[in-house]
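Paired with subunit B in one complex and with subunit C in the other, subunit A is shared by the two complexes that follow.
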Partner chain A sequence: MTTHRVSAFLAPRRRLQVAGLLTAPVAWLGLVYVVALAALLITAFWTVDGLTGQVQIQWTTENVVEVFTEALYRTVTLRTLGIAAAVTVIDVIVAIPVAFFMAKVANPRARHLLVIAVLAPLWASYLVKVYAWRALLSADGLIGWAGAPLGLDTPGYGIAGVILTLSYLWLPYVIMPIYAGFDRVPDRLLEASADLGARGGVTLMAVVMPMIKPAIIAGSIFAFCLSLGDYITVGIVGGTTQMLGNLVYTNVGAANNLPLAAAISLIPIGIIFLYLAAVRRTGALRSL
Partner chain B sequence: MQLGPVTRAVLGVVTTVTLALIYLPLFVVLLNSFSTSESLSWPPPGFTLEWWGRALHSTGALEALGTSVVVALAASTVALVLGTLAAMALSRYEFFGKEAVNLLIVLPIALPGIVTGIALNNAFRTMMGVQLSIWTLIIAHATFCIVTVYNNAFARLSASGTRLEDASMDLGAGLFTTFRLVTFPRLKSALVAGGLLAFALSFDEIIVTTFTAGNGVTTLPLWILQNMFRPSQAPVVAVIAVILVVVSVVPIAIAQRLTAKDAATVSR
Partner chain C sequence: MLKPTARMSLRAGVASVAVASLAACGTASSGSDTEAATEIGDAEGTVSILAWPGYVEDGSNDPSVDWVSGFTEATGCEVVSKTYGTSDEAYQLMQSGGYDVVAASGDLTLRLIGADLVSAVNTDLLDNYEGIFDFLKDKEWNSVDGVSYGVPHGYGANLLMYNTDVVDPAPTSWDVVFDNASDYAGAVTAYDSPIYIADAAVYLMSTEPDLGITNPYALDQDQFDAAVELLKAQKENVGEYWSDYLKEIQAFESGDSVVGTTWQVIQNSITTGNTEVVLPDEGATGWSDTWMIASEAESPNCAYMWLDYIASPEVNAEATAYFGEAPSSEAACDYRDDCDDYHAGDAEYAEQIWYWTTPIAECVDGRTDVECVDYAEWTKAWQEIKG
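Showing the complex of A and B:
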């Protein structure tokens, strides 16, 4: 029995066990992802031959300097951050009461149905949902049609449309971790809090909120990161609005300038690293 | 918590309205799959079954569906193996660099898809000199799918503790036997849930796909992107979307059942 031998050999050697478990995943992520990412970042310091359009290994800080000094990139970065922040705030505000209702108010049967109802739209193609919003927002779309008697008009294609559509797209991703967070709060604690005289609001702020904070942050990571890099939604419902993703896409595709695209992508990478570093201590990364 | 009837009612209304808003655009897509108008104008001028007939005979859409299923199955299989290994290591052992490994797993999903896409495109084509194909696509998808399996498995392993495993080892079972007979059965439903999420993630991914799929490899989202703005095809796209939502209820319901049943036994 060779497996028996291997098992007997490994049993007292915990370091070897860790090595055995981690080799494959770390090798995969390291070789496929980290190497690719590092290579891309290095490309940011290379240049493109003006005539042939080929990437040249010629070291320069030109691209990075351009990205960090030109007004265009500053404007687009601020716009992208604003959109991502707005989407995150809207989604968290909507998700908290819904998740709370699902976890603590609905009976078990309704809870199952609600979870399915929240998850099912994730399977409708992302593109189709964006396209549906394009239709809703259009001049002869449902929003304008329903708003007309009230004197309201569709916000049309622009920043407002982008924020609405992105909030819509990522909402289930924000509801689910917050729901799981509320679900982990034992009812006993809530009863104890009530028995000790706390009213609903006090229990919510003093007992529940601290416990679900990591879950809320986990949800916000989804909404924020997914919005920060989007360029397809902006293209379909954003009119002429540009986000960072569009600038990267244009430079990879039409402009064929991978070094500049790599330099621009340093901005969202930097922002996301800062965000992850800021929330790391809360343990949110474990409740994604 | 003691909630007044008013609070409960308000929460119920908020939830109902939110769900209604979530389904409103999907409802518009559903109506449009029967609409005689080729652009999604409101209200629909008339109804027809033409698009449903066309969708069921659209070889482009059916082939793309097949490609998507193959890619998603392959990517989630790789993700299941790698995610489970990583979750076992991070939940059962203490070692230096744990945080770094955790970050490494989260990174491919946290960074913008376009960054992951161009990084992998550059690595495959320029660095390794590999032609883009269905294989490069599967490798790319597996990379960002690991996190969903990992998170589900990690949560389950942390919640279920090591007492049963310790007992199994004390009674003389080896590492592999303990995994097969004790750890795995308790982990199974979390893996089903994580695997389904990985499948869904891969199935719907468009951005990384744009940059890593070879010529002639058309997944369903790529097909939709190519056809969405073609007037005669837009309603066919709507039909496909409706079918996907309806079909998706089955796997989600199964995963729900499994995890709920398991969570009950684990916490007991």
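Showing the complex of A and C:
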């Protein structure tokens, strides 16, 4: 009876219905996401007590100035940017032919199998995959063994190892949007292009590329942002390499200096905002 | 529809709530009780313990490894335990509260005492305290001004491990990882923590006596800079730093690392048989862990009972053997057959170990004419060393 009365009350009141539906998720987004982020940013302007490590609310720009002036943070930022850019480029170069084959060449049965094959690694734990790469890159690992007859050696633990491992980890996130992009390109456009005398390369550059550009950019956002924030992979296969995430982690953990950690995290946040702004200018965000 | 003024005051109200909640996070709690107890009362029923992995085993990880059930049977205190990975993580957890007992290494204890997070321990109340090795009692990492803050649990040294196939002749000095590290460029390893700066200081104590270092945890600015320089030079030859001991085991088994600092338990775990450990002539750093009681403990009686129980020879032997370190209880070796590996009770060996101590501005070696570099600076320098 009461259920009936409630629905009778709500039926003509569309706004109340919408409010009832949205309040919980919006409050969740607001509190957990926006407020947490704001608290993080404000913390960057606080300080800590040297001995006890308690955060003290004394306003200071010391942390932010330190992050933007000291050579350590500049070096690590450039290294992190370089790694993220390299991972993004490698992933896009590998993903485009794979996605093209999946969307346009493979028959439907093979396509399903390929989609499963691309997504399957996501079911395995991140750590298992990174430790597998640690074994691969090791001095007596598979890469060194396979390369030995060709006179090649394993790159070992270091920046090259980090780039290889991250490229592997984020590849599914780049293939899937590009695959969806190719899927949206109608076959008849390719046929029309061929009928008009265009060779494969011309068709690819003049017809297909403009249509899948938003998909490539979407994939690059995943690879770039995920690489920018990573700190576990670099700890396992990076040798002595430090990335921005490691600096944040040591300041939260070992140094117990939350304000400095918050100040360092401003760097990747700033970079990602710049990247998204650049992407927005290309108009790619609208067509996602 | 709210009127503009009402809306503004609502907004101001929201803003002040937001500011108040921001202000609330991070303010220190005060009024905790750091005085030692005078007697042990009735058991409260549960005790919450924060410890290194392998220190509080109730059989859930390995059915044959269980010393918690015996404690619960004897005292009626149920044990709730949590493990941590680094001293720094433990410090954060202790700040958040909710633990009665903590097993702390020497690089953590002074910080806990300084922040009033642990209380003094009346060792007269503990029957088994007498059986603890004398050379572990009343040390700078477990006592302040003669007041004890806990019961020693076990100790070990950060040894030098090397691959016998590659490193020849067998090293007797830390110079293989410092001045001569280039012989094994790319295959040197080091412990990934600011406290490793003390290892460089131990080496400088004998190679650069002019610096006048008398305690590797009490470094003035000049001494500290020399240690940092040494580590920056070392970094060129380091293959990787380790903090996860499983990672180091794997790196030595695969040959990615051939020489570097290690723990006895790592040597015991390596199955390839081509590694050796040595305590170099310069001495070494090490750790000595202490069971402490939180100043805001909800179950202080059960906490005292745990401290007494874990210090008993049989349990101390079982727990330290499982972790791979020397026991603190003299009689514990009656229950262990591997005490020789760990040089348990060998006071001469123990004297060569500089146990982890938190570096603070007030020099722990007693100097008053200079200010020492504190742990916050050590952490910062460690990030710069790694670059």
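In the analysis below, the second predicted complex is superposed on the first by the 255 of 288 C-alpha atoms of A that agree within 3 Å, B and C clash if a C-alpha of one lies under 4 Å from a C-alpha of the other, contacts with A are read in each partner's own complex, and residues count from 1 in each chain.
Assume contacts are C-beta pairs under 8 Å (C-beta built on N, C-alpha and C of every residue); 3 or more make two chains touch, one makes a residue touch a chain.
None of these values were measured; they are calculated from a predicted model.
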| item | value |
| --- | --- |
| Which superposed partner A:205 touches (first subunit B, second subunit C, both, neither) | neither |
| First, second, both or neither for A:242, with subunit B first and subunit C second | second |
| Which superposed partner A:255 touches (first subunit B, second subunit C, both, neither) | second |
| Partner chain in contact with A:141 - subunit B first, subunit C second, else both or neither | both |
| Partner chain(s) touched by A:36 [first = subunit B, second = subunit C, both, neither] | first |
| Residue contacts on subunit A - larger count, subunit B or subunit C | B |
| First, second, both or neither for A:65, with subunit B first and subunit C second | neither |
| Touched partner set for A:115, first subunit B, second subunit C, both or neither | first |
| Touching partner for A:55 - first (subunit B), second (subunit C), both, neither | both |
| Residues of subunit A at both interfaces, subunit B in one complex, subunit C in the other | 35, 39, 55, 134-135, 138, 140-141, 258 |
| Of all residues in subunit A, those that touch subunit C in their complex | 35, 39, 42, 46, 49-57, 72, 75-76, 134-135, 138-141, 156-157, 236, 238-240, 242, 247, 250-251, 253-258 |
| Contact set on subunit A toward subunit B in their complex | 3-4, 6-8, 10-11, 14-15, 17-18, 21-22, 24-26, 28-30, 32-37, 39-40, 43, 55, 94, 97-98, 100-102, 104-106, 112, 114-129, 131-136, 138, 140-142, 145, 168, 171-172, 187, 190-191, 193-194, 200, 203-204, 208, 221, 225, 228-232, 244-245, 248-249, 252, 258, 261-262, 265, 268-269, 272, 276, 280, 285-288 |
| Residues of subunit C touching subunit A in the complex | 18, 22-23, 25-28, 86, 88-89, 91-92, 95, 111, 114-115, 186, 193-194, 235, 238-241, 247, 250, 254-256, 360-361, 374, 376, 379-380, 382-384, 386-387 |
| Complex interface listing, subunit B residues touching subunit A | 1-4, 7-8, 10-12, 14-15, 18-19, 21-26, 28-29, 32, 39-43, 78, 81-83, 85-86, 88-89, 93, 95, 99, 101-116, 118-120, 122-123, 126-127, 139-140, 142-143, 146-147, 151, 154-155, 169, 174-177, 200, 203-204, 206-207, 211, 220-221, 224-225, 228, 234, 237-238, 240-241, 244-245, 247-249, 252-253, 256-257, 260 |
